[in-house]
């Protein structure tokens, strides 16, 4: 199996507060990897390092290394803008840009100078289809994205990320604010998407992790406690903490 | 993977830095040119003879601007006497007693009034206020009183709009708490609302002062521009600003330098006032 | 005898009512006087013919053109400078001694009275740079004068744009500049526009800074090196020298109407832009 | 919006070029321009002269601006304008300029038409402006302070007034100051208790000219040498005057030009 992302002894702190205390983890290609753990475990910060969105946090200091396809992305010489095209991200709260549905999806492609009408339209259509949103919005692509429901907005954000044609998709608790039906639709979409993409899903919904991921990692207080196939982690965890967490004793 | 090649981004950042620096450059130029024209005369005639001199006869070698400094403060104080109480009570009325519709109408109306050119205020002063003062109170009408009234009216919009904002930003709970303790509306306003909006109200007065002390053309029109310190509110007077504007077009040599010295003094006064204003406003933010 | 608080309350309410109406009344009276005194003399001919005999006859066409040239050119230079500075302060730097100095500079510029801008423009542009009384000297002086207003209002507007929108834009592989132009500026547009409109209003009504830099020639300026006269300067001269009260009132009315028009446009654009996607 | 911003930025960067292009004078090469600046007393008459001149000389533009005598002389000295206008004599280094007297003008003391006084002595006037007489009662009218108005320092009219009327006395500091003939006239026209002095050519029915020492200020009394408060109106020019400006000055000194000035109440140099 190919390793897509590898972190080595990754440490992160905000000022004096240590968030990650030396995390080494591999993310496999064309799989869904789930990062779970209670609030403050560092799982969200971890993925925001993977596409360098961490750069926008003030006074963050990072040490260690993060490789994507064997290349260190923490290298100062790396073009982080290009990196973010390869590593897309969906946030916990859906944040549509204040423009039309079509323009939201086309935002990324247009930055790459993909402006030609037909190519762009088919890319938008394809992305919306992959996010299972096409049928709901195909008649109103030019209306404001802010008019969509919460679940639709989150799938719009997913489609928007897909339109970047990334290799990796990072999802930061994408279903935290959504109802079960919307959640199901997103999970359905992710299941299809893993054929083409490497997916990292951060969630503290253990059931969701169990349902759709291939690998699962459990973080606690900035440390990777346990990592393995989802089946292994959920049925036969080797650490007591993991078991407690899965059973809902804390979190 | 592609390495950094963000030359455009760098270019943009340099341009924007240059833009941001332009403000500093302009400030620097303004200071340099006003000071470099104004300071030599201080050396030549003496700081004391300019700032505390009573005689302004620049073509005959006297550059005293003390009466104008006093007059500038007098008209500013006068403007506050007229504008502050009326403006503040108007703001209190609008924030505490008036309905929603009036409040909605208020902002654009005040913006419009703040936008009316000062020369228009000056003109109306000459047509209506000056004769009124002359006929009912005596003197030439062009006077400290007329100037104070005109400047007072001019700072209405500033005072009303900023103290209105300050009053409106007092939390509702303060009012409710006060009412719950059995206070009447006026007691609430007087004892609770005004004290908590105090620094905002103060800021509105200081900004109003800034506008009054810097006003030029309207003052020239109604002040009469006499060179003596007024002994009554009915006497004409000349401010620092109007001294510059009245004579700049004609002045050469030392006379022109004298006007720049006037400018230097005005600039210093304004900077001190600004400093006080930012101090008051910053304190409000901290609260 | 003790006066009851409720009685005081009533008196205060009546007093405040009276004062408020008095104050608002004065302000309304100002507009009303100008409207009623000016409107009989305001007609198309007044707008579209140039002043003759120092403004005693004819209209104010050349001064309208002078005003438009001055205001448009100043806005044209000050807007990119001001918005650029605001963008720099909010997007491109963290709070530091450097931004503090720039902010101090902007605040100081904002506090300088217009006569000092006139004094500066006169000595620097007119005399030292040898521009003479010219449209160009006027434009550059007014540009510096309105710059702080544009910077401050733009900065306020840019600050109200939610951080989330920027984060999303970056995550979609936008560079900083792309984020600024595609997300921040469109969202802050209405606020920036309001600031620009405020500045337009200030430039239209300015006299002290204009008269010593642009001069007061009544002829239509045909190049940047020509002197010209704005409506406000023309009004000042008409009123002050008692050339013609009718023309003065009519010019004042045009000035006030332009300010009103500018405000209305600002509100209209603001509403239109904000209602589109919300 | 982004496109707009881009365009604006681009334009900003190219703006200096545009300035350069526009500022070159050859844009208006077809028209011959004469620039005149200076005394606000002379300016209105120069405006009139320019209007008449341009009727016959359609290819000319005469630009007239105020600014005051001193500014006009300076502008001429440093070459900013072709012709400077002055309502006072040249002094010191200014004398290197050529001076052309275009006409003579009386300075008239003026009162509000409602003021019953018609006659003052030169000494009365001097005492009013030096602050010795402060009340109209002293001059035989009601008990009311005199609202005297003078011109600002540097004004040519004030210079002539000080020289011809005040002689050794100084103008009092308590007296109001206005910065043009028009605004002095406006104050006197609206204030019944005011007294001021303006160019005789600008006296109209809004104000009343005062008889000084029994002599009415008029063209005739000036020509006869009876009315003494008279000063010349000057055009000043540098060496190497350009042809356009010379043509304008020739017109001013011609019978037609002098006629225009006479119509305005000034005294022709030919008389």
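Letters A, B, C and D mark the chains as written, and numbering starts fresh at 1 in each.
Definition applied: a contact is a pair of C-beta atoms (placed from the backbone, for glycine too) under 8 Å apart; a residue touches a chain by one contact, two chains touch by 3 or more.
Treat the numbers as computed from the prediction; the structure is a model and nothing was measured.
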{"item": "Centroid-based (C-alpha) most distant chain relative to chain D", "value": "A"}
{"item": "Interface ranked first by C-beta contact pairs", "value": "B-C"}
{"item": "Chain whose averaged C-alpha position falls nearest the assembly-wide average", "value": "C"}
{"item": "Chain centre separation (chain B, chain D; CA means) in Å", "value": "33"}
{"item": "Inter-centroid spacing, chain C versus chain A (mean Cα positions, whole Å)", "value": "48"}
{"item": "Distance between the centres, which are taken as Cα means, of chain D and chain A, whole angstrom", "value": "80"}
{"item": "Residues of chain C touching at least two other chains", "value": "80-81, 175, 182, 186, 240"}
{"item": "Of all residues in chain A, the ones touching two or more other chains", "value": "81-82"}
{"item": "Residue list for chain B, restricted to those that touch at least two other chains", "value": "6, 15, 126, 220, 249"}
{"item": "Interfacial residue positions of chain B with respect to chain C in the complex", "value": "6, 8-9, 12-13, 15-17, 19-24, 26-27, 29-30, 33-34, 37, 86-87, 89-90, 92-94, 97-98, 108-109, 111-113, 115-124, 126, 128, 153, 156-157, 160, 183-187, 210, 213-217, 220-221, 241, 244-245, 248-249, 259-260, 263, 266-267, 270-271, 273-274, 277-278"}
{"item": "Partner chain D, residues of chain B touching it in the complex", "value": "15, 54-59, 67, 126, 130-131, 134, 138-142, 220, 224-228, 235-236, 238, 246-247, 249-252, 255"}
{"item": "Residue ranges of chain A touching chain C (in the complex, touch as defined)", "value": "51, 53, 56, 58, 81-82, 84-85, 88-89, 91, 93, 95, 97-100, 107-108, 111-112, 144-146, 157, 160-161, 164"}
{"item": "Chain C - residues contacting chain D, complex", "value": "52-54, 76-77, 79-81, 130, 132-133, 136, 181-182, 185-186, 189, 215-217, 219, 222-227, 237, 240-243"}
{"item": "Chain D to chain B touching residues, read off their complex", "value": "9, 66-71, 74, 144-145, 147, 152-155, 170, 173-179, 186-187, 190-191, 193-194"}
